[in-house]
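Report on one structure; see the data block that follows.
Letters A, B, C, D and E mark the chains in the order given here, with residues in each chain numbered from 1 onward.
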Amino acid sequence: MADAVIVVTLLLTAACATAAVTQRDPARQALVLSVLGVVLAALFTVLQAPDVGLSQLAVGSALTPLLIMLSVRKTRRRGRSKEDRE
Amino acid sequence: MNRLRLWLLAVGGTGLAALLVAACLDLPRFGGRSHPYGDRAVHASLRRHIANTIASVNFDQRAYDTLGEMSILFAAVLGCVVLLRQTRDEHRAPPEPAEVARPVRRYALLVLPVALVTGLYVIAHGQLSPGGGFQGGVVAATALHLLYLGADYGALERVRPLGVYETTDALAVSSYVVLGLAGLLAGTAFLANTLLPYGTFNTLSSGGTVPLLNAAVGMEVAGAATVLLAHFLDQAVEIEDATEEEPGK
Amino acid sequence: MNGWILAATLALGGGGAAVLWGVTTGPPARRILAQNLATSAVCPALLLLSQGYGRPSYVDLALLLALLGPVGTLVFARLLSDDLAGERPSAWGLTWTAAGLGLAAVVAACAAAGPGRAMVKLLVIGVLLIAGNVIASRALAGGFRRVGGG
Amino acid sequence: MSHAMDVLPYLVAAYVFLTGCYGLATSRHLIHAVGCLAVCQSATYILLLAVGYRAGGTAPVFSDIEPGSRPVVDPVVQALTLTDIVVGATVTALLLALVLQIAKRHGTVDPDELRELRG
Amino acid sequence: MTRRTDPRPLLRASAELLAWWLALALLWLVFVTSVDTLERIVGAGCAAVGAVLARAGRRAVRWR
């Protein structure tokens, strides 16, 4: 019974990972990835690894989404200006 | 072509899945009681008066590996700087100032120092409570970028002289190496934690060189993350190549 | 298995499933709202887990999430402001419900901690969580009106 | 129930890894592929921490508990995972920088179109 | 260049810095579990860094 919280977070992680892969648009995938980061932090907490959870939170909740979204913005802007020229 | 690839993926994936499941069934069962390395690591950590065993493993027992990890981070940032530099056919166009709602701007300005101090707290207490140089460094660097989110890129550029952060990054890596060499000069070994007294258990000064190495890593990560984000922000916001139209035209 | 962990399991399971459903379906505006709710669901769960395991030092995780979660939402609200331009997503009912959940968790943890510095820390986390939640919702409802090149 | 619990975390790690590989192989956008690689990496975190878990244990951090008063989980794998996360983040950043360079050079971020360009 | 005729901006700047420093030092004391001398020194230093950055950030945003 004490394992219930571990099972719940594990299944949530698996579902989040599936969702992150099936979202084909990178911006939407970044949204799911940031949720995955938070869920992973919760999983690490229930696995009694608060240090790892902290570093996953620090990286996954703000830094990685910011990097991905900036890259998306750059590629989108290039694409848009190319369409304008054609 | 595409169908062939999918078939190949299906076959390879099934094979890999079968192997992985077989391996999983053979692993020691989840939650088992036998962790010989863990018990010894905890023992070694307590002997050196370090409350957070993970910090002890990272900065004392495996400090040499952490040096490798730091140089990976340093090299990766260097690679990003080279890849994302401004080339000759590109020019900079200062972005128009953004119009941000007042509550959001005020939130960003109020939370910035709070997040920075939290990051520094996480770095300083790395050898006591959960946390450490890496986590706190990322938090401190993220705090700075609240200025971009809450105002505009110009505001961030005014409080972020990039050269300072690049220097901090390099200085932090070299101070880690110097701390390691100090052990060598003292007649023991590279990065051996025998230099400083171990102090009282569960205080800020406990653990010999661990707090210093922790602070070095924290500075390095904060500098590296800021430099990294700066180049991505430059690319996404400021730098345009010749084919791109300027927004004003 | 004590009551704290049971409550955290419910918050994680229920909140997590709802967030996952919201973040994978619908227009961009709804997805970002769901991403914001992930913070408001997991942060109280982390506070409850810290109580349940009897480890006050786990509170740092909730502190960091309360600080950085809204920052992540602001990233999306800012860099996807073009997609949000047409629709002004404002789910204030949901936002205040999430804030109430956070408040309940903080009050319960404070009652268990008793007066002292630990209680003030919990209150700081509560203030950061609720303020961040509300501000992120505000940012989505037209917080970035004209973000040209920036 | 308890028997399934013995291997469930390992199976979840394997599943997450395979899911990430599937996304990586079928991706039509390089940034999406980088995200799938991040999913693959998170499988390694789950596996490492699952190996180090001890039933009824708590974190080996003694700032708020007395050393030896409670069983603790394995700190060595946690330190490994910490390094793993750092390296994972830097890999993501470096790959994104490469994607931006590819977008600049070839004007596309679709792996299939890139292959056609190569001819 | 600058003539020091008006002491008010200086006064206001130091008041702002001091207010931030006090608030952040209090925050540090709330975060930590046990207080000793070194803890106070480190906390005061970190709060000073935070206060300087808080003022720099506010000025940068007000700039335009």
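The working rule: a residue touches a chain if its C-beta (ideal position, glycine included) is under 8 Å from a C-beta of that chain, and two chains touch if they have at least 3 such contacts.
Keep in mind it's a predicted model, so treat the numbers as computed, not measured.
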item: Smallest number of contact steps required from chain A to reach chain E; value: 2
item: Any chain that touches chain E and chain D; value: B, C
item: Mutual neighbours - chains that touch chain B and chain C alike; value: A, D, E
item: Per Cα centroids, the chain farthest from chain E; value: D
item: Whole-Å separation of chain centres (CA-atom averages), chain B against chain E; value: 26
item: Computed distance of Cα centres, chain D from chain A, in Å; value: 11
item: Geometric centre distance via CA averages, chain D-chain B, whole Å; value: 16
item: Per-residue multi-chain contacts in chain E, two or more chains; value: 27, 31, 33
item: Contacts with 2+ other chains: residues of chain B; value: 31, 52, 54, 97, 114, 118, 122, 125, 128-132, 134-135, 139, 142, 145, 150, 154, 202, 228, 232, 235, 241
item: Where chain D touches two or more other chains, by residue; value: 5, 8-9, 22, 50, 52-53, 55, 58-59, 61, 63-64, 72-73, 78, 82, 86, 93, 96, 100, 104
item: Touching pairs among all chains present in the structure; value: A-B, A-C, A-D, B-C, B-D, B-E, C-D, C-E
item: Chain D-touching residues of chain C, taken from the complex the two chains share; value: 53-58
item: Parts of chain A lying in touch with chain C, wherever the complex brings them together; value: 1-2, 4-5, 8-9, 12, 15-16, 19, 22-23, 27-28, 30-32, 34-35, 38-39, 41-42, 45-46, 48, 50, 53-54, 57-58, 61-62, 65-66, 69-70, 72-73
item: Residues on chain E engaged by chain B in the complex (per definition of touch); value: 20, 24, 27-28, 31-34, 36, 38-39, 42, 46-47, 49-51, 53-54, 56-58, 60-61, 63-64
item: Residues of chain C defined as touching chain B within the complex; value: 57-58, 60-61, 63-64, 67-68, 70-71, 74-75, 78, 128, 131-132, 135, 138-139, 142-150
item: Residue ranges of chain A in contact with chain B within the complex; value: 3, 50-51, 53-55, 57-59, 62-63, 66-67, 70-71, 73-74, 77-78, 81-82, 84-85
